[in-house]
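This is the structure I want to talk about, given as structure tokens.
Chain IDs A, B, C, D, E and F follow the sequence of writing; residue 1 opens each chain.
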Amino acid sequence: MDIRLIKAPGENTLRIISERSKYKIENKPGAIGLVQGKLIEMISASDIAEKSVGVEVFDVRGSCPQNFVLLAIVGDMEEVKVALENIRAGGDLRNGNC
Amino acid sequence: MDIRLIKAPGENTLRIISERSKYKIENKPGAIGLVQGKLIEMISASDIAEKSVGVEVFDVRGSCPQNFVLLAIVGDMEEVKVALENIRAGGDLRNGNC
Amino acid sequence: MDIRLIKAPGENTLRIISERSKYKIENKPGAIGLVQGKLIEMISASDIAEKSVGVEVFDVRGSCPQNFVLLAIVGDMEEVKVALENIRAGGDLRNGNC
Amino acid sequence: MDIRLIKAPGENTLRIISERSKYKIENKPGAIGLVQGKLIEMISASDIAEKSVGVEVFDVRGSCPQNFVLLAIVGDMEEVKVALENIRAGGDLRNGNC
Amino acid sequence: MDIRLIKAPGENTLRIISERSKYKIENKPGAIGLVQGKLIEMISASDIAEKSVGVEVFDVRGSCPQNFVLLAIVGDMEEVKVALENIRAGGDLRNGNC
Amino acid sequence: MDIRLIKAPGENTLRIISERSKYKIENKPGAIGLVQGKLIEMISASDIAEKSVGVEVFDVRGSCPQNFVLLAIVGDMEEVKVALENIRAGGDLRNGNC
């Protein structure tokens, strides 16, 4: 599972993401977190992110609405960071326990 | 074969799964089990889950109705857990015997 | 090449297979054998299975009618077992001789 | 590059191949040779087979007419064998020289 | 992540790229930088390139508008070089820090 | 990156290539060079081939016009050989320098 944090994403980056998801750019967010992995990992990560405070979670789709190629987590810098940390920790716990 | 257990799945997680399968969210389930692997593994896992008590089994589809990218097992926490354990055990037995 | 044997397949398992092939469920079969591998392996396996006694052979298709993602062998328990054994033996012979 | 030789292919095998290529079954052939590999390998193999005597060569297509997933070589047993040997030898020569 | 620099790209190269992106050839650019990798890497690289001076950034698409198979960075030789160096450095930093 | 040289390509080989590209067979060429690799490698190779003397360069497409699965270089034997050598050398230089 690959995880990236983009600080103050540029216009083009926001466009690339919004063209491929339900994400609509209204205000430029402080940060975007990205998670790429197996479908099962991204659904689990999505559930963890959804339970974090202050972020919005989007599934970035590939060549078809039903695809799911990337998870995008949008919010302020600190909140996105916490969501990504929760994903990293949750991922480890789950691998260990289940 | 990857196996994950999501406790009390969030709205967004349920939406991601139901948008890609015949699963309709009526009551928020206690847990969702996910299984991802080769098609042949997921069909075998699906058969084992189907024979477990108290769970519903769905094939999550990718870019096309005929695809099959993930198995979702919906039910109460304990019942989903048992289904996942049966899959894990069944998978081992089958690899050994057949 | 992966080979699996499902004894007394459940309704859901039969539905998953028949939704993706020309297989029509009339009577619940005693067993289903599944073979997944490279296209060239599955065509060879299909030819061996076709020459076995008492089984029906179907190509399970993925996202498109021309795809071929899995071989399904339907019949009674003993007959499906023999077909799978012939495939395993034939596969070895062919690798060795050709 | 995988190479297989099917002696006296069955009806179902011929159907699977002809459904995915321009090959039309008129008389049951003595043998079918199959070659699966990278596109560049299959085009080279196709050229070698085309220059062999007494065989017909078809590109088996996957999910789309432009795809090319398998090479089928149809003819009498001995002629198909020679074509496959030429492919194996030609492939080695080319790897060595070019 | 693969990175290439093409000096004074030819007509055919420009056509191949513009046929698969929103890039419109008006003046022949001094150089084109290409970046190929995982989706998450290319989005991060795109954000870094976008923040470089004097270059334009395009997502080259594959078989479908929503796909993203290659990042193209168009501009003068020195400016494209700097953008590619920033991507390489940024990629390392991100891997290290996040 | 795989590179192959086909001397005096047969009718079927030319058909397979022209069905999947803009290449129109008018006179049977002396040779066809083929290059298969990552998209980024094939675009770089295409640019080098385009700058070689006396050859025509085509992108062979897969299941969709925007795809690019193989590079075909058409011309006389010696000219195609030189183009392939330039690609091999250019590829090495680029890997080393950039």
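Just so it is clear, a contact is a pair of C-beta atoms (placed from the backbone, for glycine too) under 8 Å apart; a residue touches a chain by one contact, two chains touch by 3 or more.
It should be emphasised that the depicted structure is a prediction, and the values quoted were computed from it without experimental measurement.
Asks: Greatest Cα-centroid separation from chain A: which chain?
Replies: Of all chains, D has its centre farthest from that of chain A.
Asks: What is the distance, in whole Å, between the centres of chain A and chain F, each centre taken as the mean of its C-alpha atoms?
Replies: Roughly 40 Å, centre to centre.
Asks: Nearest whole angstrom, what separates the Cα centre of chain A from the Cα centre of chain D?
Replies: Result: the chain centres lie 46 Å from each other.
Asks: Name the residues of chain B that each touch 2 or more other chains.
Replies: Correct list: 62-64, 67.
Asks: If every chain is a node and each touching pair gets an edge, what shape is that graph: line, ring, star, complete or other?
Replies: Its topology is that of a ring.
Asks: Can you list every chain round the ring, opening with chain D and moving on to chain F?
Replies: Order around the closed ring, chain D first, chain F second: D, F, E, A, B, C.
Asks: So in the complex, the part of chain E that touches chain F is made up of which residues?
Replies: Per the touch definition, chain E meets chain F at residues 2-6, 9-13, 16-17, 19-20, 34-36, 60-64, 67, 69-70, 84.
Asks: Sort out for me which residues of chain B touch chain C in the complex.
Replies: 38-41, 43-44, 46-47, 50-51, 57, 59, 62-68, 94, 98
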